[in-house]
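Below are two complexes that have chain A in common, paired first with chain B and then with chain C.
Showing the complex of A and B:
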């Protein structure tokens, strides 16, 4: 049976769809086009907020990440810790996703080391602990005890200069939480914001979480919002450190355009096929 | 007795946590922080250990009984014990070079690769399901197109109105819907918590019956 061109347009084979997407995503990754980045007010405000904290402020980075959200959260985490270090903030990185702290060590630490940060003095990575709720609750009264006085490599937190002045959660100046789901920003908001320990939480979410994160930001539960790859690209541009997010935005843009084109083709094919069938 | 004791423990522990959250009563706050909360961490640690044992048991049976695709169980158990040996016994912790090599070269890349395949399935699913068959599906299609084009810089370069429309859809329509949904879910969760606390909900006590 010979299918008309409209029937073919309405039912393109999966293999063709996959090839189109692979090309559309891979080509701009290898040869960036350089679409201009459009800034969102919330990202501009968030960067200003971070810059408003004086040098010496202790900032907590919630490395709630997994390899599966590396595309969005890796550039975001790198850009944010670089900005923190540049401003002279002390950085404490922790996480309750099983891979979170290990990935922070792989992703953020090399950039901090390259910038001249000293481990234990300028930044520290806490080890993985199961059960976010109980640990965060304990950290309200004794931060070091809650993390068993050990960092990711088993070194004593109490002997590190970076931990000086950090006895309880309320000693933290602000939090920047990588947020792909749960545990995520909501966990910290419940544990530390609702109890009045920390008032400034910056939500660095994936695009999948952007809707609920935007809601919390609008309601004032979080003080800053950087959403998805787009937010990460804006952050890179604002801190003058172009890395993977800016490059990946071209691929995302063309990917979105390809999907829209396929939707239009599919719908035209669907209606024409229907018209042909009705004419018969 | 089999139900009364667990229900009493649940009620007492739950009430201590509720009081700890709402009131400042020294000995209760202290008890919750020093004893109850660490016990949660220990329970979660045990649960992880139990999960690992279950994984070993399941895949060992796959191999022993030569079930379908049992060779994959070999690979899984091989890497499981390799990572366990490197991380716990051989070099003491997860920052050790040997562990890091397997972690960063295999686990991280494989996880990211498997997840990235989702985008292909997503495109295929969008293409096949987003058809303007009714008014509702047409609305969904139009909103999806505006959201996709408005969220990338190219959309703004094509027409300045795309990001404005996308922003309006996300900040007004979506936020309102999500807020209503969140309030509903929270109320539902609260009522479930109260049911568990006072022992109306007893499903979790009936394992094996």
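Showing the complex of A and C:
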């Protein structure tokens, strides 16, 4: 049976599609093209919001991350903690995803250490805790007790200078939550924003969460929004610390263009095949 | 220091190997794209096992051990035995004749969560979103009519109204000429689903970028 070119286009083997996507993503990662980064007002406002907090403010970073979100949330987390440290904010990193805090130690801590931050004085990583609801609820009245007075390595939180002045959740100046799903920003909004403990929540979401995060931002539930790899790249650019996000933007752009092109080819192929069959 | 002590010699010996294990497992999982095979199966089972073990170890190290050893044994906070007992009661569920024991902690937990969610999750976020939906259609800015914001608000409130109307299943009031509302709502919903699908694609492309970045940059140091 002779298949026309359109019939072939409408039924390209999946394995060929995977190879196309792999090439389209891998090549620009090694040889970036340098597409311009367009700034969004929400990211500009969010960076200004973080900068508006005075030195000494205690900021909480929700390390709600997993290895699957590394491309988007790793550069976002690194850029945001670097900005916090530069502004003299005290950084408390916690998380309710099983590998979130371990990944924060791998991703963010080396950059903070390199910048001169001292663990226990300038930042601390709390370690994984199950049951976000009860722990965040308890942290409203006793933050240290809610986290069992232990950091990720078993050190006593109550003996760390960074925890000075942090008795309850309302002592936190603002939150920056990495948001790939649940637990995520909604968990903190319910626990600490709805109760009036913390009014400033910055939603650092993946592209998959961008729609619901955008709704929350528009509704005023969150005060800041940085979305996906694009948001991370803008953050890197705004803080003058280009890292993985800026480099990955070309790969993302070409990857999206490839998907659009394949969608168009597939659809043309489908309708053309239908027309050819009707003509017969 | 650490909750679970691992001999430092083992950690140091495994450190140079761990990125390569990551690369091999990534390639093993990707082999599924060609076809189902034993390598993929091994990687899949290894992931499930290690993820479960990691969660168990970190939960024990960060919660159970400090709770038992420090809070109860060292600090004498014996009241903490009550929630531990409640937690242990859940494990009576598989024992026929004693299942009733597990219902007490469950009823406590369900009651707590229901109250928590009804008061906090529903009240504040939902009411805030409803309030922010009630936007003026005729907007004035410094005494002058703001056309752009007015159009924006009109579309926003219109789309919300149409979508809500679409889900009035029990009242078939949009018949005849009013049926255009339902058809428009369906189009609006399809556009929303398309946007959701688009962000999903973006997420998968990012996932691919993350893996390539790990292999080519973090491990192979190609850039």
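Note that the second predicted complex is superposed on the first by the 280 of 280 C-alpha atoms of A that agree within 3 Å, B and C clash if a C-alpha of one lies under 4 Å from a C-alpha of the other, contacts with A are read in each partner's own complex, and residues count from 1 in each chain.
Assume a contact is a pair of C-beta atoms (placed from the backbone, for glycine too) under 8 Å apart; a residue touches a chain by one contact, two chains touch by 3 or more.
As the structure is a prediction and not an experimental result, all values here were calculated from the model.
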First, second, both or neither for A:49, with chain B first and chain C second: neither
Touched partner set for A:215, first chain B, second chain C, both or neither: both
Partner chain in contact with A:189 - chain B first, chain C second, else both or neither: second
Partner chain in contact with A:35 - chain B first, chain C second, else both or neither: first
Contacts of A:267 with chain B and chain C, given as first, second, both or neither: first
Touching partner for A:130 - first (chain B), second (chain C), both, neither: both
Contacts of A:149 with chain B and chain C, given as first, second, both or neither: second
Partner chain(s) touched by A:87 [first = chain B, second = chain C, both, neither]: neither
Contacts on chain A seen with chain B and repeated with chain C across the two complexes: 14, 18, 21-22, 25, 67-71, 99, 102, 129-130, 133-134, 137, 152-154, 207, 210-211, 215, 218-219, 228, 252, 255-256, 259
In the complex, chain A residues that touch chain C: 14-15, 18, 21-22, 25-26, 29-30, 67-72, 74, 98-99, 102, 127-130, 133-134, 137, 148-150, 152-155, 186, 189-191, 193-195, 206-211, 215-216, 218-221, 228-229, 244, 247-248, 251-252, 255-256, 259
Chain A - residues contacting chain B, complex: 12, 14, 17-18, 21-22, 25, 35-38, 66-71, 99, 102-103, 105-106, 129-131, 133-135, 137-138, 140-141, 152-154, 207, 210-212, 214-215, 218-219, 228, 230, 233, 249, 252-260, 262-263, 266-267, 270-271
Chain A partner contacts - residues on chain B that touch it in the complex: 32-33, 37-38, 40-41, 43-45, 48, 92-95, 103-104, 107-109, 111-112, 114-116, 119-120, 123-124, 126-128, 130-132, 141, 144-145, 148-149, 151-157, 163, 170-171, 174-175, 178-179, 182
Partner chain A, residues of chain C touching it in the complex: 1-3, 33-34, 51, 54-55, 58-59, 61-63, 66-67, 70-71, 112-113, 116-117, 120-121, 123-125, 128-129, 132, 192, 195-196, 199-203, 205-210, 212-214, 216-217, 222-223
